[in-house]
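Below is one structure, written out as structure tokens, with a few remarks after it.
Labels A, B, C and D are assigned to the chains in the order they are written; within every chain, residues are numbered from 1.
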Amino acid sequence: MSNKKLLNYADYLKLETILNSQDLKSAERGTPAHDEMLFIIIHQVYELWFKQVLHELDSVLDVFGQDSVDESNVSLAVSRLDRIIEIQKVLIDQIRILETMTAMDFLEFRDDLFPSSGFQSAQFRVLENKLGLQPNERINYGNQDYKNPLLESGKQVVKKAESEKSLFDLLETWLERTPFLSFEGFNFWERYSDAVRSMLQKEDETIKNNPNHSVEEIEYHLKEHDRAVDSFEAMINPDKHNELIEKKKKRLSHKATQAALLIFLYRDEPILHSPYNLLSRLMDVDELFTTWRQRHALMVRRMIGAKIGTGGSSGHAYLQKTADRHKVFGELADLSTFFIPRSALPELPKNIKRNLGYFFNR
Amino acid sequence: MSNKKLLNYADYLKLETILNSQDLKSAERGTPAHDEMLFIIIHQVYELWFKQVLHELDSVLDVFGQDSVDESNVSLAVSRLDRIIEIQKVLIDQIRILETMTAMDFLEFRDDLFPSSGFQSAQFRVLENKLGLQPNERINYGNQDYKNPLLESGKQVVKKAESEKSLFDLLETWLERTPFLSFEGFNFWERYSDAVRSMLQKEDETIKNNPNHSVEEIEYHLKEHDRAVDSFEAMINPDKHNELIEKKKKRLSHKATQAALLIFLYRDEPILHSPYNLLSRLMDVDELFTTWRQRHALMVRRMIGAKIGTGGSSGHAYLQKTADRHKVFGELADLSTFFIPRSALPELPKNIKRNLGYFFNR
Amino acid sequence: MSNKKLLNYADYLKLETILNSQDLKSAERGTPAHDEMLFIIIHQVYELWFKQVLHELDSVLDVFGQDSVDESNVSLAVSRLDRIIEIQKVLIDQIRILETMTAMDFLEFRDDLFPSSGFQSAQFRVLENKLGLQPNERINYGNQDYKNPLLESGKQVVKKAESEKSLFDLLETWLERTPFLSFEGFNFWERYSDAVRSMLQKEDETIKNNPNHSVEEIEYHLKEHDRAVDSFEAMINPDKHNELIEKKKKRLSHKATQAALLIFLYRDEPILHSPYNLLSRLMDVDELFTTWRQRHALMVRRMIGAKIGTGGSSGHAYLQKTADRHKVFGELADLSTFFIPRSALPELPKNIKRNLGYFFNR
Amino acid sequence: MSNKKLLNYADYLKLETILNSQDLKSAERGTPAHDEMLFIIIHQVYELWFKQVLHELDSVLDVFGQDSVDESNVSLAVSRLDRIIEIQKVLIDQIRILETMTAMDFLEFRDDLFPSSGFQSAQFRVLENKLGLQPNERINYGNQDYKNPLLESGKQVVKKAESEKSLFDLLETWLERTPFLSFEGFNFWERYSDAVRSMLQKEDETIKNNPNHSVEEIEYHLKEHDRAVDSFEAMINPDKHNELIEKKKKRLSHKATQAALLIFLYRDEPILHSPYNLLSRLMDVDELFTTWRQRHALMVRRMIGAKIGTGGSSGHAYLQKTADRHKVFGELADLSTFFIPRSALPELPKNIKRNLGYFFNR
């Protein structure tokens, strides 16, 4: 201790640097706008949190990038996703801070920002790619690539993230090979299909007999219901599933989809606790980004109305579209279509059940 | 005090009644589902809060239903809206409680609920009507009226709310006659139009010269921009505005729209503080209901996937549509399109400025 | 379906009853106070949530009241506590709704409430008792029993909860007998003590050598440190621990304390995931009630200042004291005093480690 | 535009610098601790928000540092405080992010931080001083000045803030000279005193006749009540008030206290809207810092138990004490002790009432 300089909070956190990195563009014109400070600081805070989210996401990718994934690492991945989720909640809530800036206050420095824009956040693009958003799924303007507005250094890291396996990819591979879901010698799918078909049959009758509905509505709902039935047959039949994948109506492979469904259905078995939590957290992450985009779109509408954004985009309409479309794990949420009550679930044979439990209770 | 029974907390709150109003349908079948209790209680809590929101909303309607609205009552209305807003935040946040119920847990009692559904909440329909949602703006199923699924008593109150003046109506009337915005002898609109047109011209150039954009994008944004220009001309020209109203592209009258814009632009003048806060809170209320619907739609997707809802609806897709469309005060948010920086704003003549101030400072 | 009346949302939730249970006392005097509605409704909402918390807590008590606790039931208990936690967050956040009522507005009906008071919430007393708050730990006024202000029916249920095993009691018993922590043939405590003593020795030096501290401060911290050392010796030595229990300085038995520590230290082992989550959630529940009491105390100070409460209590000072003292699982939080880095932790022998894993990976 | 480099988001926000300012101390030892990244980033985020809070606070100090404070600037100050409040809510909520780091995870790098500590945050000390926390009110360790652990540069700015007028000071001066509260020719205090004394008399009887209370409790509450009576007499009588100031039981001057009370009582008058909002927000800011300290203390207890902090302090006990004591605007909250219902309030003479209204309505 004697021969090294004592660590100080301010040095450790590089506060000298961090707290002197706010240069108001409006001040360069000689008329500093009070609210530009907030605008800079909240965006810096967003970027710091994005760095943290990437730090956690990378460690999750590490876990699932291994040839064989230790079950206790799945639980580690869950705790990392828990942290991402808490950060996302703050990302959403702190929009309220930015909303204390009114449209009139923003106008005092808005023109100074042109043509920079949040579309130039390389970290956010990397994040989307690492989660598994595909370049061809993105909503773009005109024919322009989403990487165009980025600085050269940003383009490089985003491109790199495009080329690497995403969390979606790694999850799919992991689900496809989960060995404890082999259920050898137990005809699970036949018995489960019977249960689901009988449930779907009941739904069909429910729709037809709904006393509150008109003929038109009943027809409308029957059509929707038929889609659910088709979708279920694809769950059972790999060929139908692959057809849907080809038509870009599904993305997750048949085998992985089946494994995910099993995890949801038998989540009470000890060895499935962490896998269930994992799928559950991935849906949370997806939904929280959707909520963040939706809140962002609402704020922008109020801030600039139908004006164009500082980056030249048409503002909130675009943001709302990305909220609707930029989803990665939606297929997991859709699986609930095929859930049946525990009581109707095929009971697992004793030897399989033991396989899914703790060694101590053997 | 001696001759009346002492008041007790439990009696005051009628806890004996309130806390014995949870009858599990699943229990009637002999298999009580643990999570049905949560389902009942959270919906009862929602309805209690709806009652409170209606209590506050009614008092706001009272304020603006008067022939002449005292300015200090506007400030009372703002504090009532503040309370509604805090309630709305809780309505959104408590979705997290319901999300602790998993899709599998819901299935244990879901069939018992058929065909009852949240669409049968009379209070929520009354609330929408009192805010100003118009029957013909509603997204309906088939040809069915949204009141059909309600009990007879519910239908009556909802119908009554349809026939009364809504907050939208009363606000419009109040805006149309705000006497302190007469600006007699001051050619405001001409000077303001010049400032806006020069801003719009600048935007036009910004779009054309954006080095990050392709030809297609520039065209796309120019088209959007032209819409903004048209929209501005309607702001100045009552005939154009009325055309848009006839085409159902606008709803708020020309005079009221101009008054709202003036309140936004000159909100720093003392007498406009409360009116500004009022408009601002109305946008908050609108946005928070949108957020509530969006969160609700996400939750339902995860809970039932593509299954039909207990009321026979096709679930989350419908809810998402209402989030996009069931807005009442969106035109206020759009006004920011026409904001210009304070520095470009026509300065008010001294006598008008005094008119908008406190008596004490005369 | 044909022979039973169709279920309706309003009937299912008994809305007719629930929404007609708000009788304003101020209205009986002929001068209804607008804000009394909020006062009644928010308290009814609190009581509904308390009922839900008790519903979840009872199911947790059921799990741990069994002679042998199935490990997968521990995971069920955790999910029930998760729900309690989400409810607690809303209980805290909705204080903001009540804070929209100002002190002046409260005065309009405050005298009408006398002498009823939140102290008369039987459900909250039952809740405290079921968690494990002991009657003799409670902060009382004068010599009065905390049950005195309750209605007779309330007294009965609170008394019953006093006499039953609390969650604290059941947790203690469960911890004492956790079979998978026997560690036979592995001298854990000796090796762990060495590691802790060396850590404590290092802390001792750290204090003595702190260049930022004066002599007085160093003495002060050394005294604190000595207490930590004593506390650690009690962790190792059952006799010392029992002494502290007799002096009311500790409550959790020596054996249970050791088991809890082991769960914290080896929480990465699969079979300890749920037990770790359990302890962690219990600390959360405790802390959230503390936060709720603290926020409540702050609100009351602002609402009535130094006035007496409607129940005759001296208001916020009392509430603040209960926040400081009414804790049940604080000893779990204190265990972190004895945590050491994973790297310094005695490695578990292979056979013990296997015992704590999944059967599948044997 | 052509002759200047186009602004880019990453350059504008200095992301290259900001995102490369996280150097893990544990990495220097060759064993990077995953969670140290979170520890660094969340503290950097806290410091960025502190900078923003100081930016807003400085502008509020500017407003009240003027020789004559324009009423419309009071409303500006309120909107700046609104922003501080939204930031404080995020400061509190983001503790949940840090709580995803467990005590064991913290141990992996805790020793690397010695002896740096949050006590070395110069910005937070400046913030406390600018609000008005007095050096002699601070809870210190031993005889050490709270500035000692700071870097030299930090000491300088904190010292400067000590020597300048705080918000408390400026508020006091502003309250003392509020011209619109002169009430000349209207014997306000006599009539108000009568109303309060009659209210206090009623409280006295309420206590004596409480059927739920024992003799001891009644005595206890009477003693508390007498303190309220004394406190009220000091409100009326400047000499008694000054005595309390000398005994350090009060801080705000008699004249300022009276002005604050008037603002609370007549807040419905237009010219008092902003002053009322101001006082109200100052109580919010105070309470939110208290809540932040309380939550911080709870978190630290769980993270390190009775261990000493990295800065050598005895951790959570100290933090809890600062939560109880480091308050600046508590005297404003206490004023509610002397509120009386609107109906009992002396009615203002017409000419005074007009003085407090808008010019337009004269």
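By definition in this document, a residue touches a chain if its C-beta (ideal position, glycine included) is under 8 Å from a C-beta of that chain, and two chains touch if they have at least 3 such contacts.
Not measured: the values here are computed from a predicted model.
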Checklist entry - Which chain has its C-alpha centroid at the greatest distance from the C-alpha centroid of chain A? => result D
Checklist outcome for this item: Quick note, more Cb pairs in contact for C-D or A-C? It is C-D
Checklist entry - Roughly how many whole angstrom separate the Cα centroids of chain C and chain D? => result 28
Checklist entry - Whole-Å distance, chain A centre to chain D centre, using C-alpha means? => result 39
Checklist entry - Where the centres are mean C-alpha positions, what is the separation of chain A from chain C, in Å? => result 33
Checklist entry - Out of chain C, which residues touch more than one other chain, so two or more? => result 6, 114-115, 211
Next on the checklist: Going by the contact rule set out above, which residues of chain A touch chain C in the complex?
Outcome noted: 1, 6, 71-72, 75-76, 179-180, 209, 211, 268-271, 273-274, 354-362
Checklist outcome for this item: Per the touch rule above, chain B residues touching chain C in the complex are 6-15, 17-19, 21-23, 25, 34, 37-38, 40-45, 47-49, 51-52, 55, 59, 79, 82-83, 86-87, 89-90, 93-94, 96-97, 99-100, 112-123, 151, 153-154
Item to check | chain B residues touching chain A - in the complex, by the definition given at the top | outcome: 103-104, 107-108, 111, 114-115, 141-144, 148-149, 202-203, 206-207, 210-217, 219-221, 224-225, 227-228, 231, 264-265, 267, 283, 287, 290-291, 294-295, 298, 301-308, 311-314, 320, 324, 330, 333-343
